[in-house]
Amino acid sequence: MNAATRRLRLGVVGLGRLGKRHAENLAYRVPGASLVAACSPLEEERAWAREALSEPRLYDDYADLLADREVDAVWLVTPSSLHAQQIVDALHAGKHVFCEKPLSLDLAECERVLAEAARYPHLQATIGFMRRFDPSYKDAFDRIQSGAIGRPFLVRSQTTDKNDNDGFFVRFAATSGGIFLDCTVHDIDVARWLLGKPRAKRVFAAGAVALHEGLREFGDVDNGVAICEFEDGKLAMFYASRTQAHGNDTHSEVIGTAGALAIGHNPRANRVEIYDATGIRNECTPSFFDRFEDAFLHEARAFVAAVQGGASSNVQSGATLADALEATRIGMALRQSLQSGEAVAL
Amino acid sequence: MNAATRRLRLGVVGLGRLGKRHAENLAYRVPGASLVAACSPLEEERAWAREALSEPRLYDDYADLLADREVDAVWLVTPSSLHAQQIVDALHAGKHVFCEKPLSLDLAECERVLAEAARYPHLQATIGFMRRFDPSYKDAFDRIQSGAIGRPFLVRSQTTDKNDNDGFFVRFAATSGGIFLDCTVHDIDVARWLLGKPRAKRVFAAGAVALHEGLREFGDVDNGVAICEFEDGKLAMFYASRTQAHGNDTHSEVIGTAGALAIGHNPRANRVEIYDATGIRNECTPSFFDRFEDAFLHEARAFVAAVQGGASSNVQSGATLADALEATRIGMALRQSLQSGEAVAL
Amino acid sequence: MNAATRRLRLGVVGLGRLGKRHAENLAYRVPGASLVAACSPLEEERAWAREALSEPRLYDDYADLLADREVDAVWLVTPSSLHAQQIVDALHAGKHVFCEKPLSLDLAECERVLAEAARYPHLQATIGFMRRFDPSYKDAFDRIQSGAIGRPFLVRSQTTDKNDNDGFFVRFAATSGGIFLDCTVHDIDVARWLLGKPRAKRVFAAGAVALHEGLREFGDVDNGVAICEFEDGKLAMFYASRTQAHGNDTHSEVIGTAGALAIGHNPRANRVEIYDATGIRNECTPSFFDRFEDAFLHEARAFVAAVQGGASSNVQSGATLADALEATRIGMALRQSLQSGEAVAL
Amino acid sequence: MNAATRRLRLGVVGLGRLGKRHAENLAYRVPGASLVAACSPLEEERAWAREALSEPRLYDDYADLLADREVDAVWLVTPSSLHAQQIVDALHAGKHVFCEKPLSLDLAECERVLAEAARYPHLQATIGFMRRFDPSYKDAFDRIQSGAIGRPFLVRSQTTDKNDNDGFFVRFAATSGGIFLDCTVHDIDVARWLLGKPRAKRVFAAGAVALHEGLREFGDVDNGVAICEFEDGKLAMFYASRTQAHGNDTHSEVIGTAGALAIGHNPRANRVEIYDATGIRNECTPSFFDRFEDAFLHEARAFVAAVQGGASSNVQSGATLADALEATRIGMALRQSLQSGEAVAL
């Protein structure tokens, strides 16, 4: 970074666990950025910001943050149901916007955001599919671009979480959109990204309730499997689980006509191997939070670089609103297939 | 083995590449067995047998071998289309029978064999799903039985072969039954075996022609993916491929409520790792033949032990005719789903 | 970090490749630190600093930086032969000091620095053995402390670099101290740290010139092996190499009475595995620079935290001057053994 | 094998655990061999042979077996102290001889056997260093021969056993020769074999008593480390342990000027990986018996092929008496170095 470049002034909105991480990254670890403002309706979260960040201006109302002329961009880490309107409001206020996934669980709303955003082509609007910024996913992407595996035609990708006995996600089931929209949406984005953004044409999904019976009343499952057929004979297989014993196990494979790549096949927590009476083992990343620590940072840097580089920017780009819309469209079709037992054409 | 037990006298039928391996195992590596006869319509195969085996009686006609009173059991390694009738003929002749998979690609024929076999309960009739005898698959099975992973509910299993530029399987496509009946049938049996033999209730399949365009005229693909829903909320995902760059990569996973097991995740050719300018690598098993060398031997020993142990035998059992029928039934449903684009209920 | 804590104002000295990395970490990624000054005799390095850092005060003379009252601590990334005197000068100037390894290649000089430092107990003086801050090494250390492997009694550790055809280290051989003082010194520190800082009592070393004949005139080798016996029956084995084909392969094992730990056994560049006609492989970390990227950052944070926490600080501590002296003492004995062919008692 | 070749008639001597395995291999799994006789002074071992083998002639006295004209070769699995004289006696009786390692723990006796054997050049005399016949070690050897790693110059090799709380080897310490002659002798042979049979010129060894204090009175240790310098700048590092928690962990690496090979880096029991709350693990080979099951079989086949092929035989050859002598010579120097604390020149 050239220190002379004008710093991008950001305001973070939402200071839950993930919001705090984003805030710390933006405050201290992204050279061209200044985190100048933070917004949360909760006093305890603002108190955290007062301590942890460097002289932030604090707001309890999103509208007030948007009115702050010293804020160039907003970083939304808010409940999913607020995303769409908050993005539109940010664009109206002339601010670049980064928003955690999902764009929306409602297709019409997704489309409304895209239509609004089309009116502000000079503003960056990115949805946070952070895997694109994980160094290993990025390396795989680059290898594919360089032709290392020939023509890629199949992605297998999974998002599986360590079982949470408290079943937070069961209480969350009414609004999460179900396992495919909550978890698999990441794998959908990975598959489209690695396969060259093909359009989906048909999906099928099935599922099982392994441990959390409470999900049944929401038509949801704690383990789901799916197939997605894209145009041009490209394929994806997905697996999502809430009930793994060993940790968060996010991995993906992409298979081409001349080779294949696997990303994260063994979800090693680090470089340590333990030799004891049970054999030889490594511990696993406990949560996506640990697994994607680097990715969140690279994502923040890339967003800042994209804004600063303008339209000609050549930096690794995050998911566009159109990508997010497509991921939601496919995720909804998976949910429909799960519930109907039929293949769903798109 | 107690050397005093009367040796089982076997006749092998079919002496192609796989037939030769079975013959050598039965001749030299299965303590309680004597390979006393071999049958092939090809003079060069009989010539091989004359050299390689120990004083075998050679036949060019299966009926003659069946008439040999000194043969207790037949070992069929013949073309798939002959299996059903040859099994029935062996039973009629009072001989135990081992037959390579598949039982038949025709469901009615499968059922006819089962009906016949029901009349000969004292005769062993086993279909050769050798993975059950691979020491690693067997170890996983035993761990599941002991409760190591809780209740198993999902199997993911694949059969993928190194690409054969000659495309032998393209010429073979008219009679192979397609990729699911030819390859995935092994994974189907593995899934049912590891999940406690549940009945399938619905399947969905899709596929791609990555390299071998000649398959299209047969409605076949060189890469296929599938989901199988069993009763009781159990699931399986399958992948089959003819086009891998790295070798035969047969692996399976079974996921339970308290843990998971993977079998063969890295298809290592052996225990050597190579460090050079390309990184650190291991070579892969080139073909199923190399991967399952041990399994073929254990399979032969288990068959002999089962015959010798009689009904009370507690040895690891191979696939029954009923298992083979179920594998064919599911494989055919996968083919139907591939061709229709619809989920198929069973 | 509490944002209210007074920031530690640092000056970096030496802006070569490693100096630049330290400078960027201190400038942007260590919350409690401000990099306020930089010193280099080279105009091009100062020009880099002018661009890359945020308003640094620039010096071409170390004495001028030491005279800067706004600098609390100096960070030395200078040629090894300057380290000892520069540390002493920094302490005399009342500044905390971090210095890259080695303390000195001369034992008397090491002892002189310790004697001087004893007069400034309120000042932090740390030598940069960064492996202690690598998350995996740190995890292994913590496991040992918790008793996971019983009593540790053997460390095996290696530092091996990708072969450099240009042979930079051959030209550097006259002043590097040889392979054991240049490379193995890290492994010596790791061994002492993981084994509870035992004193060495005897060493033996041997070596080979695999590729770089030019080393012979310096009595140096491009591959060295060594054994170190510590008091209390503890042992270490070391390997150092300049000629690896696959990359920088830094790994260590520690073996205890109830288990063992390996750190970095496969020097994976990232989480990607490549499947192609050569097998399954991962690429390797090309250099220590890539391998220890995180460690350099954690090291900087720990130094700042140690200064800010004062004597009561409980943060992970870096190598003390006494540790560095001991590493040099052992390294010199290894060199002596290599050259004499005899075991050397300490 | 051509079935017409005259079968080699073998007599096995010693029917302990390892003797039984050899006997079963020779009886049932080596096509050109017939195990026609067995010798043991213990009635229970002869009883086992009566049951398990196929019509063996049983002897309780080695001299009687040697007098059996129907025995072409003897297979010695007897106590080490008997090896040398039994080999000489077999040669005098005109029989080929295979003998488990070691040849002898006494150098003069080794040399006496070599002198006797020189009088019987038509008789095969092989010492059982079975690692040469392990498929992975063999693959590494072949790769080296083909130039895959350039010029090999360093071997690191270890023999480490799962801790035996009963401490059998403590009771055995008086006659075992100590850890280097009992365990490392395999690694010495591996190093010489992989490096092209260089002569050793200097060794150094050190050790620790981690758990088994009873070894001290014999001057022995339960963990030993060593360096061996060969002529031509070749090197080896050895590690031997009786106290591993995870299993038998036999592995070796060979490093060359253009790459490296590792054999058995992770001592996997099989292809299963277990995912549970402790992470991802594989179990380990519990003992050398499990690890080298295949090697013992290949070793037997190679011996039979070598005898049948005569002098022109091109089969993989086992260790010669001269190899065994050299391994003993180096092992004794290691013991001397351990006890003296000095490097020992050879």
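Labels for the chains are A, B, C and D, by order of writing; each one numbers its residues from 1.
Methods note: contacts are C-beta pairs under 8 Å (C-beta built on N, C-alpha and C of every residue); 3 or more make two chains touch, one makes a residue touch a chain.
Just so it is clear, the model here is predicted, and its values are computed rather than measured.
Engineer: So which one's got more C-beta contacts, B-D or B-C?
Structural biologist: B-D
Engineer: Going by average Cα coordinates, which chain is farthest removed from chain A?
Structural biologist: It is D whose centre lies farthest from that of chain A.
Engineer: Determine the centre-to-centre distance between chain C and chain D, using the mean Cα coordinates as centres, and give it in whole Å.
Structural biologist: 42
Engineer: When the C-alpha atoms of chain B and chain C are each averaged to a single point, how far apart are the two points in Å?
Structural biologist: About 56 Å, centre to centre.
Engineer: How many angstrom lie between the centres of chain B and chain D, each centre taken as the mean Cα position?
Structural biologist: Whole-Å distance between the two chain centres: 37.
Engineer: So which bits of chain D are touching at least two other chains?
Structural biologist: 149, 244-246, 258-260, 265, 269, 274-277
Engineer: Could you please specify the touching residues of chain A with respect to chain C in the complex?
Structural biologist: 1-4, 28-29, 31, 51-55, 134-136, 139-140, 143, 148-149, 258-265, 268-277
Engineer: Within their complex, state which residues of chain B touch chain C.
Structural biologist: 244-247, 249, 266-269, 274-284
Engineer: Which residues of chain C touch chain D in their complex?
Structural biologist: 149, 151, 153-154, 156, 202, 204, 206-211, 223, 225-227, 229, 233-235, 237, 239, 241, 243-246, 255, 257-260, 265, 341-343
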